[in-house]
Amino acid sequence: MSKPNIMEYSYYPGCSLHASAGEYDLSTRELFKVLGIGLTEVPDWFCCGATPAHNVDELLSLSLCAKNLELADKVEGDLAVACAACFSRLKTTQHVLAESDVKRKQVEKAIDAPLKLEGKVKHLLEILATDLGLERLAAAVNKPLSGLKVACYYGCLLTRPTDVTNLDCVEAPTIMERVIEAAGATTVPWSHRMECCGANFTLSRPGVVIQLTNAILDSAKAAGADCIMVGCPLCHGNLDIRQKEIEGVYNVEYALPVFYLTQLVGLATGLGPDKLGLDAMIVNPTPLLKEKQLL
Amino acid sequence: MQKFISEQNLNTLLDTLIAAGTRVVAPRMNAGTPLYEPLTSAAEMITDQLPRRSAKEAFFPVCEDIMTYEKEGQKVTVTDIDPSRFPETVLVGVRPCDAVAIPVLDAVFSWDYKDEFFLERRKKTTIVGLACTTADDACFCTAVGLSPDETKGSDLFLTPLEDGGYDCRTYSEKGETLVNRYPQLFSEPTGSKAVPLAEPQIEKFDLKKVKAWLDENFENPDWDSIATRCVGCGACAFVCPACHCFDIVDEGTEKAGKRRKNWDACGFSKFTNHASGHNPRDQQPKRYRNRIMHKFKYYDDKFGQTLCSGCGRCIRVCPVGIDIAQIVEEINKKDI
Amino acid sequence: MSRIGVFICHCGENISRTVDVERVAQEVGKLPGVAFSTDYKYMCSDPGQNLLKKAIQDQKLSHIVVAACSPRMHEKTFRKAVEAAGLNPFLCEMANIREHCSWVHENKEEATVKAVEIVGMMVERVKKNRVLPTITVPVTKRALVIGGGIAGIQAALDIADCGHEVILVEREPSIGGHMAQLSETFPTLDCSQCIMTPKMVDVANHPRIKLYTYSEIELVEGYIGNFQVTIKRKARSVNEDTCTGCGVCMEKCPVRKIPNKFDCNLGMRPAIYVPFPQAVPNTPVIDRENCIKFKTGKCGLCQKVCGPGAVDYEQEDSLVVEAVGAIVVATGFDLYTIDEKPKGSAIKGYGEFGHGKIPDVIDGMTFERLASASGPTGGKILRPSDGREPKQIVFIQCIGSRAREKGISYCSKVCCMYTAKHTMLYHHKVHDGQAYVFFMDARTPGKSYDEFWRRSIEEEEAVYIRGMVSRLYQKGDKIVVMGSDIAVGVQVEIEADMVVLATAVQPQKGADLLAQKLGISYDKYNFYSEAHAKLRPVECATAGIYLAGACQGPKDIPETVGQASAAAAKVMTLFSKDKLEREPIVARVKESGCVGCFACKKVCAYGAVEEKEIRDRQGNLIKTVAFVNPGVCAGCGTCQATCPSKCVELDGYTDEQVIAMIEAL
Amino acid sequence: MKKKKMIISQETMDVDFVRKVEALSGTSVRRCFQCGKCSAGCPMGTFMEHPPNRVVRLLQLGQWQRVLAGRSIWYCASCETCSTRCPNKVHLASIMDALRKLSWDAEGASKESYVQLANKLFLQNIRTYGRQYEMRLAAVFNVKSGQFLKDLMLGPKLFAKGKLKVFHSKNKNMSEIEKIFTRIEEMRKKGEAL
Amino acid sequence: MTKPIDTSIYTAVTDAIRTEAQRILSEGQVSAIVGYAAARRKGSAQPIVISQPDDAAKLIFTPACVNNLAVYLTKAKKEIPKSGKIGIVVKGCDLKALSGLMGESQLKREDIYLIGVPCAGVLASTVQPATELTTDSIAPKCTECDAHLPTGCDFVPAQTPVAADLEKKYAAEITRLEALTPAERWAYWKEQFSKCIKCYACRQVCPFCFCEQCLCDRNKPQMVDTTPRPAGNTAWHIVRAMHLAGRCAGCAECERVCPMDIPLNLLNRKMAKELKELYDHEAGFEVLDKGPLNMFTEKDDQSFIK
Amino acid sequence: MHSEKQKHTFEPKIIAFVCTWCTYAGADLAGTSRMQYPSNVRVLKFPCTGRIDPVFILKAFQQGADGVLVSGCHPGDCHYIAGNFHARRRFAVFRKLLEFVGVDLNRLQFSWVSAAEGGKWVEVVTDLTEKVRAMGPMTEFKELAMEEQWSGAIDTPELKEAYNQI
């Protein structure tokens, strides 16, 4: 497969990256600059509807995503998506509308425009692992994350359901591990890589979230991880922001910094903390990074 | 006899004939295609288009029954078709290139065997010709020595006039009889100018020279290049006013059936297929050669006439663009 | 001109009650070509048949129509009578005026008119009938059996015991198949080896069985009674004739750490090996991929130590051609492996079960080897990871089976029973252990089967949990089993020491390729298709080829052995005659008109249409046309209806005959 | 309703409802053969009164009222684990979506109100702002659910980290989003969509 | 409204065809090439077979190049020089027929050299050959063309045809006829078939009518009346449509050449439509092992069977 | 069931093309069970529906059939593995063609009748007969058979009368 020298993508950050996950947005833009990958934000993109929309109104969810795909079609390049939930919704929309004529027609009517389903939607991980390629990624690393033991957390939506996201093997993905190993880190095998954190209930049923997230943190800690890496602002929200609260509830201490993949890879390429938004993290990563001589 | 007939009177004439039980055959549209067909009303007649098939079928139908048979036990009963049952017919609006071919066909149908079916229809049909005022680049009547106002073959001949109506001249007793039957519809000539005739854009062939070349060149490599592209359909022969080959087949069941005469074409691969399976014209160029030979040599040898009136129909319908005028033109240019 | 004789039967009163038979005879007598027409009370009786025969001779009749009952009843009778009178039997047709007329109509006038028309139709048809010669095919009375598992062994022994030669071909170095791997067998818990090895030895010693192990079918040509089979004998590197099976070579081989496939990779074997000690033939084979001699040219130890000098590094693959009259396909099954992608599935295996990465998650066959006295642990149930005895063991059924999503929607039929057996074997060997079984439905039809399953629960104390497992993961040295019990409606979690997956039964890899060589059909999973699911369950649609065992679909041992003997019986039936006679209702190609589009070949379900080159006297190719092999053609006529130029005709049902009938109406 | 005897008859088997679910979800309900694998892996299984397999079973029996009356469908996290692992290609996550949609159509048949409220607010936010306005979402939810002090401890911290923004930029093309909502509403009114 | 159709690339296409033809003939890659050449009548074109490199200059591509030359590789192939490969100039629609012929063992890909033509459309049979190509004068088949650019050829001039967006004439007419009652449809076809004179031009130009012995020429038995009477004509056209079902790729030659203007391609398109709906079959560039009527699936529609 | 007393002005001619293994045997069973059905049907036996050429259906209509029945084995039961599957496709397409040229498909019936379905045979035959009886004669093909190209027509009164009598 030929890889063009200059890569250009349209970019769909998603709502969180413009709010609670600002550091993900920042680190993504900075990292891609370093890697020589162009990102052009889709003008006037809308919320993809996320889980709440498809939860109660699939047609609305499909229409919102279809509208965003139409907007994205106007920008050169495949569509780069940072948030696992947005990624899942956009891919699901492409999949569902390609399969069902009935829904296709309804959505066309709802957005009053022809569908643009052919464009490629890619999660940042795919861009790093496949489009850029691990070799070139490794070549861009000048501060390898040696000695850092990372638990890669996929969550639910990066790989599921089968046949939709096609990011990696649905039950035993390795793409996060491959990316971060290319940045010099060590990954730990652990059991809860793909268990649900309950993101959907962050607002409505925080109790549920705390229970589910605790199991994930517990498993990562037991596997000997120094930190957790995520590719989704919703997972991040639960693992990072609620970590203190969970420690309180269960009377444990995790102290596991939760990084976005772009923050860790960015670190490896030599980007400074200000360009990675490390100060926005609730669980302070500085002691760990200092200990591993990465800061 | 020279007369004038207005368009309206011509229509009245035809409607009167139809009402009187005479079959009136003239160009009309059938499902989008102009054909010589029996009219139910004069209004159906069209004069501005050359019918896709020629007028020969008024005498030599596409298909006709020539006898019927019935079987019971070991007994077979045969019933002949009685030609006297054919209706009186007036054939109107016939183009000169069609009309001229009819007497040419008389020769073959009344030669060693008198074809009752053809001759009886011929006897009962009055032909009203119509001068031709438009031509396309497939027309070549002038090249074979005819013209758009050729009257040969017509009993009555109409020439459209610039001020409307037709100049009307009789060329046979049948023509005169028709005029005399309805004298009130005809008036004296007006002296009005005729509409300019069609002018086919082609030089006249030297048909003698063409025949002379054909006489010597039954075997010639040029036939291959002329006719390799021929796909062997019968379109050219079937639309031709002069082609007259036919085939006789029996159709029916064990108990009853009919013997029928159908148009046939020398382009068909089975045309000369022997019962043994041998086919003397085993390749398409040989078949196409026969078409040219028959028109410009064999018929001339036998009856002293050329079997082509330059109507251009075969050129227009040929699926693969074979152009008889071009072929004869090229033969005409050859050194002998 | 034909002289047709028409014979109207009264069938006692069955016909004459509603059909005026005399009037029919009279009316039909008027039809063109009918020379003689009469009626009689019982045409099928001796006097009736004699009447027919006499009329043929006296009236010099050329064609016969018998108007009576259904041809399905008496066509053979009358054709035989006609033949006895010197006419070709296929010049006789029957008009069905009983089942299709007198019995289904009450109005005598209507029935009579209809009868006249039915007979009239057959009169027109028979005029177009041609003399058809009976087709006979010689039969080679040797059978080929493909596959040396229990199915192939049983079929081969039965046929050979009946006095016919058998060629038995096995892909592996030894016969025995999967049954040789099993520890004990349900529902009686016999030792598999004890009942299997004697049969293997019988095969080896049978004077009429020629055994080709380590061999594969290369090419199959011909048709029923007359197959030519080319067999590839893979180079064994050991001369079978001179090897004594002493085993010194295997002891001396310096390569020792090759996982033994027979032991599900639990044990190790050398590069020169027999798959298991009881192998038949007991001749080792060199695994050239792992042999130092073949890899580097050095070593050669086995050759040096071999007394009889049987080791031959120069040996090459060779081809042998065998002529046989019948083929039994007994290629058996393969087990689904959890990280494999089944045919037609988009998904790669069962990642949620650890992708085969958790060492103590094993499949049922591995458990068999662990439980087998001749296995790598000597019959002790031990964990592959640390050799400890598992105290909590979880069995999960339906792995691969009944899983549309994984591309296998069928039930593998044997897993419920073998899992029940496993719980018993486990309980017998680990007295203080506990077995749990996750299952969807328990399917135990079969003699003494349900009792066996109940025994596993009631006496052997296995705990059955109705529900499936979502995921397995390693936690410390335990395997966490995340399941559910749908009866209770709760999630179940078990920390197990070992998990055994009851993986699905699948056809052998490459089963489709073999089917293509044989010209037999197979289903979407690659199981071979029988000619009729109910009435011809051991025959292939392709004449002369029979099926035995799990290659046709999941089967347990008793069923397999039963079907193998049935297939052998079919072969013996075929071999009971010297020549095969068949109705000449077969298709024929009119080569002069055939343009070689091979539409006929595309629709022929029997592979009866071949391509034939027509050449002139100088040998130049004129054209390639279709040719129907009359030995293979079954006479359905689909080819004729498909042929655009009607250049293939089905004798007995030609277009002329059909059109004549339509035109008679 | 939970403890009531289940009466099964042609009248109680509401096949139309099941067909609606199938149309919306694009997956078969009847295909499920109750292996229970969905329930085994469901992260929310312990919170539901009807485990996922039972939701499908009740649907198969046409007992949708029992399903909608419970909290189970609102406790589905949409993690797709069930759909991914179902041996039988039953897309249970989509069935859950369809059930929630139909539950709304049936006018709040369910007990679970917090999740529904969060969903409602989320969609309203999209309609009003085009993108999510996280801070407003949380604030309004707390007000409406009467949990004024919920997650109070998190607020200032997030604020300090720049994770909560008081001002939110609206999309420029808001009319388009409104049109999508109204067109869908119209289609439903006309019966062109479920 | 009549709009001109852009055929400006045809000049460059003609040049490219000539250069390629000259090259492959002089390099001996092919022994002959079937293409189009100008004919006597103004603007007209006709098939030509050339075997000399110098004759390459005779080749043209214009809107009058209507023929599907594939027919010359089947029935007429015996009369074309038989040694070596034969080159052929093909439009997309013609290429589909060639693919079909390959699937039916009438041709081998390796025996022919395909010179594909980027084509924006050709003229209807109802207009004079010199007419300008417009949305009105274009052949009806071109209004439904999905193969302006043939693929899988050995050579295709590097030109991109500008495909006009046209009303699909056959689809519209089929829809109209489908809406009629059976009696009205019967009346329509009866009128059309009554014109037929059994000249067999439709059969002779059809690449798929390659039978040596046409069913309709036989008399033992006589499945279809051979005489050109309405009964036999109707039977002939029904049988032909059935024989072409699943094979016809829509070159519409039968309709173009019919001297009696019978809309024969309507029958073929209707069959194609049904096969698409029933079995998702479409004739394309791909060479298929089996046509839709030489195969089946167990799940085929049988709603019409009791 | 068909009553013998009922008098009809029009007796349709029904031609049935059936396979020998299933439908012919099913019709035999109807006979041995002494079921009653209209006598209008004439049965042509084929080895398999796969042998039935669409041309036969056309020919039957041309020869004056008012209704045509094609019947064979149920899917999966074909004695010849798949002949009925091939036939099913062939006829699915052919009936669409006939419909398009204007044949009323109510006159053309396809069915699967097994050797055990004597009752179904009776039902299929009775239904078709009564349906066609209600529709009246199939005049289309008969008219065509009488018609000539105009130029071959002999417009005599006796021919016109024969035509009008169809």
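Each chain gets a letter, A, B, C, D, E and F, in the order it is written, and its residues are counted from 1.
Criterion: contacts are C-beta pairs under 8 Å (C-beta built on N, C-alpha and C of every residue); 3 or more make two chains touch, one makes a residue touch a chain.
Worth saying up front: this structure is predicted, and the values here are computed from it rather than measured.
Asks: Identify the chains adjacent to both chain A and chain E in the sense defined at the top.
Replies: The common neighbours are C.
Asks: I need the common contact partners of chain E and chain F, sorted by label.
Replies: B, C
Asks: Can you tell me which chain pair comes out on top for contact count?
Replies: That would be the chain pair A-D.
Asks: Measuring from the mean of all protein Cα atoms shown, which chain centre lies nearest?
Replies: Going by the distance between chain centres and the overall C-alpha centre, it is E.
Asks: Would you mind checking which chain's C-alpha centre is most distant from the centre of chain C?
Replies: Here the answer is chain B, farthest from chain C.
Asks: Starting from the Cα centroid of chain A, hunt down the chain whose centroid lies farthest away.
Replies: B
Asks: When the centre of a chain is set as the mean of its C-alpha atoms, what distance in Å lies between chain C and chain D?
Replies: 51
Asks: Indicate the whole-number Å distance between the mean C-alpha point of chain D and the mean C-alpha point of chain F.
Replies: 56
Asks: When the C-alpha atoms of chain A and chain B are each averaged to a single point, how far apart are the two points in Å?
Replies: About 83 Å separates the centre of chain A from that of chain B.
Asks: Can you list the chain C residues in contact with two or more other chains?
Replies: Chain C, residues with two or more chain partners: 352, 405, 603, 642, 655, 658-660, 663.
Asks: Going by the contact rule already set, what residues in chain F reach two or more other chains?
Replies: 54, 59, 63, 76, 82, 86, 90, 148-149, 152
Asks: Hey, what residues on chain A touch two or more of the other chains?
Replies: Within chain A, the residues that touch at least two other chains are 162, 170-171.
Asks: Would you please name all pairs of chains that touch?
Replies: Inter-chain contacts occur between A-C, A-D, B-C, B-E, B-F, C-D, C-E, C-F, E-F.
Asks: Where on chain D does chain A make contact in their complex?
Replies: On the chain D side, the touching residues are 23-24, 26, 43-44, 47, 75-81, 83-84, 91, 93-94, 96-98, 100-101, 103-104, 114-119, 122-123, 125-126, 130-135, 137-138, 141, 145, 150-151, 153-154, 157-158, 161-165, 168-169, 171-173, 176-177, 179-181, 183-184, 187, 192-194.
Asks: What part of chain B is in contact with chain F in the complex they form?
Replies: 23, 37-38, 57-58, 60-65, 81, 85-87, 253
Asks: Once bound in the complex, which stretches of chain F touch chain B?
Replies: 63, 148-152, 154-156
Asks: If you look only at chain F, which of its residues touch chain E in the complex?
Replies: So the residues of chain F touching chain E come out as 54-55, 58-59, 62, 75-76, 82, 85-86, 88-105, 109-112, 124, 140-141, 144-145, 147-149, 152.
Asks: Provide the residue numbers of chain C that touch chain E in the complex, in ascending order.
Replies: Touching chain E from chain C are residues 590, 592-599, 602-603, 624, 642, 644-647, 655-656, 658-660.
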